[in-house]
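Worksheet: the structure to be examined is printed underneath.
By written order: A, B, C, D and E. Residues from 1 in each chain.
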Amino acid sequence: MFNKRYAAPGSAPATLATLTTPHEAAQPAMRLIEYDGTSLVEKAVPTIADLPTFTDDGRIRWLDIEGLGDAEIFQALGEKYGLHPLALEDALHTGQRPKMEPYEKHLFIVAQMVYRDTELQMCGEQVSMFLGHNFLVTIQEEVGTDVFDPVRARIRAGRGSIRKLGADYLCYALLDAIIDHCFPILESLGDALEELEDEVLEHPQASCIATLHRHKRTLAQLRRFVWPERDVCNALLHDETGLVSPQTKVFLRDAYDHTVQIMDLIESYRDLVSGLTEMYLSAVGMRTNEVIRVLTIMSSIFIPLTFIVGIYGMNFDRGDGTRPLNMPELYQPWGYPLLLLVMLALSVGQIVFFRRKKWL
Amino acid sequence: MFNKRYAAPGSAPATLATLTTPHEAAQPAMRLIEYDGTSLVEKAVPTIADLPTFTDDGRIRWLDIEGLGDAEIFQALGEKYGLHPLALEDALHTGQRPKMEPYEKHLFIVAQMVYRDTELQMCGEQVSMFLGHNFLVTIQEEVGTDVFDPVRARIRAGRGSIRKLGADYLCYALLDAIIDHCFPILESLGDALEELEDEVLEHPQASCIATLHRHKRTLAQLRRFVWPERDVCNALLHDETGLVSPQTKVFLRDAYDHTVQIMDLIESYRDLVSGLTEMYLSAVGMRTNEVIRVLTIMSSIFIPLTFIVGIYGMNFDRGDGTRPLNMPELYQPWGYPLLLLVMLALSVGQIVFFRRKKWL
Amino acid sequence: MFNKRYAAPGSAPATLATLTTPHEAAQPAMRLIEYDGTSLVEKAVPTIADLPTFTDDGRIRWLDIEGLGDAEIFQALGEKYGLHPLALEDALHTGQRPKMEPYEKHLFIVAQMVYRDTELQMCGEQVSMFLGHNFLVTIQEEVGTDVFDPVRARIRAGRGSIRKLGADYLCYALLDAIIDHCFPILESLGDALEELEDEVLEHPQASCIATLHRHKRTLAQLRRFVWPERDVCNALLHDETGLVSPQTKVFLRDAYDHTVQIMDLIESYRDLVSGLTEMYLSAVGMRTNEVIRVLTIMSSIFIPLTFIVGIYGMNFDRGDGTRPLNMPELYQPWGYPLLLLVMLALSVGQIVFFRRKKWL
Amino acid sequence: MFNKRYAAPGSAPATLATLTTPHEAAQPAMRLIEYDGTSLVEKAVPTIADLPTFTDDGRIRWLDIEGLGDAEIFQALGEKYGLHPLALEDALHTGQRPKMEPYEKHLFIVAQMVYRDTELQMCGEQVSMFLGHNFLVTIQEEVGTDVFDPVRARIRAGRGSIRKLGADYLCYALLDAIIDHCFPILESLGDALEELEDEVLEHPQASCIATLHRHKRTLAQLRRFVWPERDVCNALLHDETGLVSPQTKVFLRDAYDHTVQIMDLIESYRDLVSGLTEMYLSAVGMRTNEVIRVLTIMSSIFIPLTFIVGIYGMNFDRGDGTRPLNMPELYQPWGYPLLLLVMLALSVGQIVFFRRKKWL
Amino acid sequence: MFNKRYAAPGSAPATLATLTTPHEAAQPAMRLIEYDGTSLVEKAVPTIADLPTFTDDGRIRWLDIEGLGDAEIFQALGEKYGLHPLALEDALHTGQRPKMEPYEKHLFIVAQMVYRDTELQMCGEQVSMFLGHNFLVTIQEEVGTDVFDPVRARIRAGRGSIRKLGADYLCYALLDAIIDHCFPILESLGDALEELEDEVLEHPQASCIATLHRHKRTLAQLRRFVWPERDVCNALLHDETGLVSPQTKVFLRDAYDHTVQIMDLIESYRDLVSGLTEMYLSAVGMRTNEVIRVLTIMSSIFIPLTFIVGIYGMNFDRGDGTRPLNMPELYQPWGYPLLLLVMLALSVGQIVFFRRKKWL
């Protein structure tokens, strides 16, 4: 629900000296990929001191940090590469809304990565990116899980545009991987909704409404992530700092288009969920109506009959053993069969009445 | 529900080399219509190699491809005519939102064609168009079904503007055919809703809500298609590449106007559907009320009577055969008739009471 | 519901040669009023050939055509006065959304006239206007019914501005007459809603919801007509072709203001209708509650009593004629009165309980 | 509901000659206040002829007319001071939406004054203002009731800015008085809603929904008045005719701010009203549930017991006076106590069951 | 509910002479903090006369006034520092909507401070700020409670930017403290909603809806405060008076970002609250359905059985002691066991029927 990390209210805005470590966060692991069109170096970097400076030698450097558990590392990182403390603070205070903020020396991008874990549960994780002229620093919330493996494979394979274009293209490729990961999630959600639709139409159960509620929350969550990511794509498309090249912008338009399609799907699904909720409620109402109809029919038929047989169970003649004058039918041989007939007629009459009313 | 085809998340954006064939798609069939004001050639084209180059000789060439089942053909096509790989990818990844995207050498238009099949079911199919200076390439999802036959007939007939104006007019004519096909669908939907309205007002049934739900989904679907097609028309109207001539723009304004009218109708229908849903729910509530009223009246009348006859069925004098002092009415000749009268009075009283309450 | 006429999808957009006659439309009747500040000629025109050319002699000419039943007449008309075929097509294809479209030689305006027929039913009819420099051609859907008689009377009377100002003022006067005709309709609708409000508050009936639904549809219909008419006024206010003079624009601002007021009223009424629907539903719920309360009270009081008298109707002593040990109260003179007292106490206790719960 | 006065549709827009008197309107009473920084003259003006011309002598003249019952007076007024006939028509056709319209010689402002009468009922009244260079003409719908007395007192007292600044400041002061009169109304409405909130939470009654409906209509009414008054303030703030001085604009910003606050409160209240409606509905549903739960518990406990005692009331041995073989328990001394025990156990079992289900 | 203080409608807008004291407001207490990069003076100021003039000596002066109970003090303050009377009036008339207004000599900012008191109840308090070139005057509604202690601590500590940057940064720091105080409130609200979600899903109770209503009001309240505070940040970001330096603007962008995140959370929570309300309603409906199903099953099984045993309780043979011809089963040894079997079969049949209907 509330997954926003925040500094104590009233505390100073981030300076490099005041970055603090989030609780329970894993120790950061750094991995550097350095490449140009012809060569590729990929290595783990144990400490900040081992990091190269980002010189303008035509090589692209992607520094990927997983885990937020040591504020000093980020402090040192910020100092080394001139990353703005406010941006670094946002990278550590996870639960940010996706956004793009231009700083003097770099663009700062926050995105929310969504994927399914090994039990097919949807998980989220914040990815912060610092895009400079020839470098990209990415900071991930969790260690060991991300959606970037296909991108890494493309870099290693060295085919396609990824080795020829700059850090901005790499940034686009990661963003695109994050965005496109919504498609399989929405696909399975769509399948689940189709099934639920049949269930609500045919056998509405109390569990349906809880399932619908859960899907609704998932959709709201996705929407909260994708909607601002659309703005991030748009902001990158209209970037004027020169850090995003026109070639990359053609691809960013494609990524933007994907966010629009995802939003479109989310809206359809939300519509469907609220339609199903409505149908479920109407089905419950209809069912109550049906149950109560059975009750009414049973009661209307048998309560009067019970009253009638009660009449003939009264003791209105006892005491002297003679036949009372006023209940002569009790002592006629035709009395009992006639009564049975009358009661049958009454029941049939009621059944006909209920049939006319379309209750039966 | 989820009908969007998408590449594996994280994979490289389309290059000609990486176009892949969608599953289960039919083998593409190509048909070329070449015409100018005076002559017309129409032929099937078996392979890409048989395709002419699109020279600027005043003739309009419409290459219509049905079926997406062979990525290599599209790759070859893209290379031959300079179609952008990202656009070709969108043509293959069906389920796109309608859109217009300008590329360097052509406009790329995606539309969703809606028609009714032989069983009058509504079907959809993606049509992608590449509009160049004197050519139009259309790529359709399905083989053999489209809504373009009247346009082909107009080209063959050679009357009207279609043979005199350029590829942009042809593109408009196809778009207009797609848009106008919503009218008969909306017309029959309108008729269905009118009938349903009478049914809900007079004999609300459980099936109504499912029908309403289905219509709502149809409307949502149409809306998802037509709303962005309005933007496509608008984008073409304000095209600045020069590929759309001012003469064609007058007609595009008409097409734009049709999308506005369709949206207007869809909104009215959506309003009506939600109004009918509300009415249905209120009718179910009203019916439950009616059923429960019958139950209450029957119970209120007969339960007390049954209690009374129960009193006189008690054995409060038995054992010694003498008349008990405290139930003397049991042994009077007027006892039984009086009781019947009392019970009749009680019933009548209740009926009067219920009539006053307008329950009867 | 669906009252839009449309050409077969895919057919060529209108050319003068392809205008077709709508089904069941009446034969067009033409009437020409020619006037300037001092003189007035008013005559029926049997054929197109009898129509004068619209010369620039300072006289205003209003050609009013009622009935759409002969496409050839409109074709001839279009040729004679240079009316655009797309506009003429819209005039014949009734059910258009009100709009204003500038063409080269004239403005084309579509409006929807709303009035009440002799049985006070609301009817609609499309009016298309071609406003040129010194002429106005109006095309009405139906013969013999319109809301323009007061305007004709003003022309004939020759007082006021109407004879002094141009065709644009005449166009405004007709538009204003169409718009202002919504006021009496809204007035009677308002009265009907007030009555309905009392009914829903005091005696909600099943018919209320149907009436509310009907009013809602009327309001939706009016809204669909008036909302775009506001845009028409606005478009005329900001016309830059010079066909609308500044003097007329002052009056158009007034007409625009009226559309805003009408929309304001429609929105209030829609709010009221949905508020009444809500109240009706809550009243039905409340009523069900009341009915079920009566049932519960009756059952709760009498079912236990019936059980008690049932106990004393059991035969637990029969067979040997001796008083059973375990039901001694049956044979005491105080047995029966005591039982009656106990049952009375039980009933009173329940009534007190129900009163405390505010159910009684 | 419908409180808009309007001319017959199709009639000529207002000219001075065609102003007509509204029905049942009171005879206009005119009162002139003439002041500058040092002197003040205040007098009733019996006829138009007695009115001074509005010369540019540094004195401010406020002509306040109450009552609309004599069109000729307004006609004469319009001629004397050059008030535009369309504006005068709007002043007479009450029920206007608040608006500000610039005319050549004056600004025309319509506002809706809201106050509570002697029985604390909310009333509305239209106030039209003509703001010229050094004069202000106000036309009120009703005689004798307005909210301007504090402003008159301020003029008479001669303190503060009102005597030093121009007619525009006077206009602001009146507008401000109209706007600020919404605060006490909203205050008492807020109190009423607080009380209602407690009532709905604790003892929901059928009258609540009618009260909520009434409050909702009051809020809708206020909103219809205040929303466009915000636009009036804004239009005056951005007036470019020079009739509104920069000093006054600082104060108008304050008035604008008040309209925003009022709208804010109205929106909060509307939210609260719809929340309360929802709560009321849920309370009714909950109550029905509670009632039906009592019914079910009573019936479930006593109906089976009644059946059991019925069994032992059957006559399955009568006729020969011998004990039947199959109902031996009837003739045992332990029969009756055992049966009572069994029935007690049954009841207790059910009570336990219902407690588990949390129905008790 | 209604917590807006306002002057009597129609009274003169604020002049220094007319400021009035709000009822029950505490006596103002003034505290001055004067600092620059190197030195810091902090002292209570007993009277206005003891206040220094705000000279341009590079020192920042923060005058913090708590309590509104003496209008004369504010009047004197206004005169001393040239604070605009309209702004001072807004500071005294608490319940303002947050806003930023530029005046000639200072910016005027209203914010609503939200915090939790010692019993963890949410409280609000208005804070008004006058930001000048090198001074900041803050006026708080209540004495002794505010959220500024961390900021005061930072000033005293003298670390970070706060002692180096100007009054605008101090103003930002206070605003930021106010905004960030929403995070812990939203955090605990989120936890409460999570718990409530479980409760509604598992054991919906009547108290849930009241709790939901209370949370909804809290959210509406927060929204009313934070939404305009976002505009305040934005207005300060785009300030053109020069009172806000570019360095501070970078931080204000961060504060703005926080308001966006808070709004985002509030919207999610509102969505959740309305989803939970819907679920609660559906749970009540489902529960009624369940209750009524039990009733129907019990009644349907036992009412017919009671009728049957009633038949055999009738006295149709009494009087002469002979076995009647028509009820022979009464006198057979197998009569009673057979009847029991028949009744058992009937019950089992009904149970099977109800199981098929999934009612059991």
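Everything below uses one rule, namely that a contact is a pair of C-beta atoms (placed from the backbone, for glycine too) under 8 Å apart; a residue touches a chain by one contact, two chains touch by 3 or more.
Not measured: the values here are computed from a predicted model.
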Quiz item: What is the set of chains touching both subunit A and subunit C?
Solution: B
Quiz prompt | Set of chains whose contacts include both subunit E and subunit A | solution = none
Practice problem: Can you grab the rotation angle between subunit C and subunit E? Superpose on CA, round to the nearest 5°. | Solution: 145
Exercise. Report the inter-chain centroid distance for subunit A and subunit D in whole angstrom, where each centroid is the mean of the CA atoms.
Key: 41
Quiz item: For subunit D and subunit E, what's the span in angstrom between their mean Cα positions?
Solution: 25
Practice problem: Could you tell me which residues belong to subunit D and also touch two or more other chains? | Solution: 281, 285, 288, 292, 295, 299, 303, 306, 310, 313-315, 318
Practice problem: Report the residues of subunit D in contact with subunit C in the complex, numbered from low to high. | Solution: 1-2, 4, 6-13, 15, 18, 86, 96-97, 99, 101, 203, 206, 209-210, 213, 216-217, 220, 224, 277, 280-281, 284-285, 287-288, 291-292, 294-295, 298-299, 302-303, 305-306, 309-310, 312-315, 317-318, 321-323, 330-331, 333, 335-337, 339
Exercise. Sort out for me which residues of subunit D touch subunit E in the complex.
Key: 147-151, 154, 159-162, 173, 176-177, 180-181, 183-184, 186-187, 189-191, 193-194, 201, 250-251, 253-254, 257, 260-261, 264-265, 268, 271-272, 275, 278-279, 281-283, 285-286, 288-289, 292-293, 295-296, 299-300, 303-304, 306-307, 310-311, 313-316, 318-320, 324-327, 358-359
